[in-house]
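Chains here go by letter, A, B, C and D, matching the order in which they are written, and residues are numbered from 1 within each.
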Amino acid sequence: MDNNDRKRKINEYIQRDSFARFLGAKVEILKPGHSRVTLTITDDMLNFHGLTHGGVVFAIGDMAFAAASNSHGQTAVALNVGINFLKATTSGDRLVAEAEEQTAAGPIALYDITIRNDRTGELVAKSQDLVYRKKEWFAARDDSG
Amino acid sequence: MDNNDRKRKINEYIQRDSFARFLGAKVEILKPGHSRVTLTITDDMLNFHGLTHGGVVFAIGDMAFAAASNSHGQTAVALNVGINFLKATTSGDRLVAEAEEQTAAGPIALYDITIRNDRTGELVAKSQDLVYRKKEWFAARDDSG
Amino acid sequence: MDNNDRKRKINEYIQRDSFARFLGAKVEILKPGHSRVTLTITDDMLNFHGLTHGGVVFAIGDMAFAAASNSHGQTAVALNVGINFLKATTSGDRLVAEAEEQTAAGPIALYDITIRNDRTGELVAKSQDLVYRKKEWFAARDDSG
Amino acid sequence: MDNNDRKRKINEYIQRDSFARFLGAKVEILKPGHSRVTLTITDDMLNFHGLTHGGVVFAIGDMAFAAASNSHGQTAVALNVGINFLKATTSGDRLVAEAEEQTAAGPIALYDITIRNDRTGELVAKSQDLVYRKKEWFAARDDSG
């Protein structure tokens, strides 16, 4: 399997994220270990204070995390997320989450996630996310490096 | 305003959680500082591995956290959540989140959240959640203690 | 090796914690998965505000975590700790940390740690701590259950 | 009080960190919101596996965090730290912690901390740290911006 086939297969796998489709989030792998998710907030995604629900802010961060940590074709599952909520947003705002791999050695890998208000550039939330990488590969292992 | 009026007003406020309604989650305040949320997982709530999305697991924990931390009628906003994912679930499983106040002194309060598979009782996730309590009250302040 | 030999061997291993000795902390395994650490705060353990240093509060929680997570004789190493600081203490106060295993299945285990002011019983800090359990055992594996 | 006086006063305050002196750590403010701490690991700072104690790794991160978050002259106290341990070190290794302010608006501020092995440059640990900023200033408030 050549490199383009691997990329396509990995991207198809990532796009099967049902909850991302359900919310209307767009998930992209920018390069191995690096992904971006965008979502426009609707009235259905608010909490009882009338602000974007913490569960929605977390969810798009988690989608970016999942895309980045599975972007090598190896099955990775979340162990821990520590998230700080920094600025409220609300209906009509567009959020952009980016995940960047920090370390990936052996069974454990760590990601930094930022979630920003796309219009203002302000940090909405920031998290550090840890995965456990299984011995399973959903795309043929890349032995080129 | 007597105590039953306060309770009713606080519960009505908590029930305005649009994202909880959107997902079909049921939110209850069991007593001040203690709440429970239940949700049955549907196909729309899965990730690309076919398991319950981390965003959904987090969301019901966050709903329990929000209900418990706002159950005194004082506006509380999330600062930090540290969540550990312990066991996968999938479509058809019913999750139960419970939040318990650990300390609430001055502007900061801390909650322990457990999320369990209702059928097996197994821990699905566990988090510690920190809020900042504003000087605003959405239900008249309770001066009885 | 009988059960008392295992216990003795595990306890001897736990007691080799040089930093615990350096600070004067006392580390006990109460039962498998459950430990307690006590330490009296000295002037050397304060921060620039004149309060117990966050590094000292964390350290005794970490000692309890390490004792509890290694109490089965299997080598466990810390992956993630999320700690909330709730109440200040200072020189002369005695802190007590307790760690309790929450789940331990396969390579990952989770612990709840509370750190209290021994005199007042107040919560000083609370953490959730995650370990990775290696395939190495420093005491013969217990196959009895 | 001119700006150099403020800087000197703030630095003197930061240098009163007794636990930093006790361990032999060197604490510097690089610029407001940014600090660096260095420490050479000794045999007294090891855990029972013979590796640098988690409490020591955390402590130097915490010293960097405290220096950065108090570098404006306003009293800041730690609320939450989420730390990921990535690579073991041992006696003789020199650790370098750096803290960088991410946001500081109103009573809450967030810091990213990296702890590296100075010789290899490898990440030893990484944390996100949240403070509450009190209304007290230990150096005259800077109204210049």
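Convention: a contact is a pair of C-beta atoms (placed from the backbone, for glycine too) under 8 Å apart; a residue touches a chain by one contact, two chains touch by 3 or more.
Keep in mind the model is a prediction, meaning the values are calculated, not measured.
**Q** So which one's got more C-beta contacts, B-C or C-D?
**A** Per the contact counts, C-D leads.
**Q** Taking each chain's centre as its mean C-alpha position, how far apart are subunit C and subunit D in Å?
**A** 23
**Q** So what's the Cα centroid distance for subunit B and subunit C, whole Å?
**A** Chain centroid spacing, subunit B to subunit C, equals 29 Å.
**Q** Residues touching two or more other chains, restricted to subunit A: which are they?
**A** Expected reply: 79-80, 82, 84, 108, 130.
**Q** So that we know how the chains sit together, what is the shape of their touch graph: line, ring, star, complete or other?
**A** complete
**Q** Mind listing the subunit B positions that touch subunit C in their complex?
**A** 80, 82, 84, 86-87, 102-103, 105, 108, 110, 112, 123, 126-128, 130
**Q** For a test of understanding, state which residues of subunit C touch subunit A in their complex under the given definition.
**A** 79-80, 82, 107-108, 130, 132
**Q** Given the complex with subunit B, which residues does subunit A contribute to the contact?
**A** That would be residues 13-19, 21-22, 43-49, 53-56, 58-60, 62-63, 65-66, 70, 75, 77-85, 88 of subunit A.
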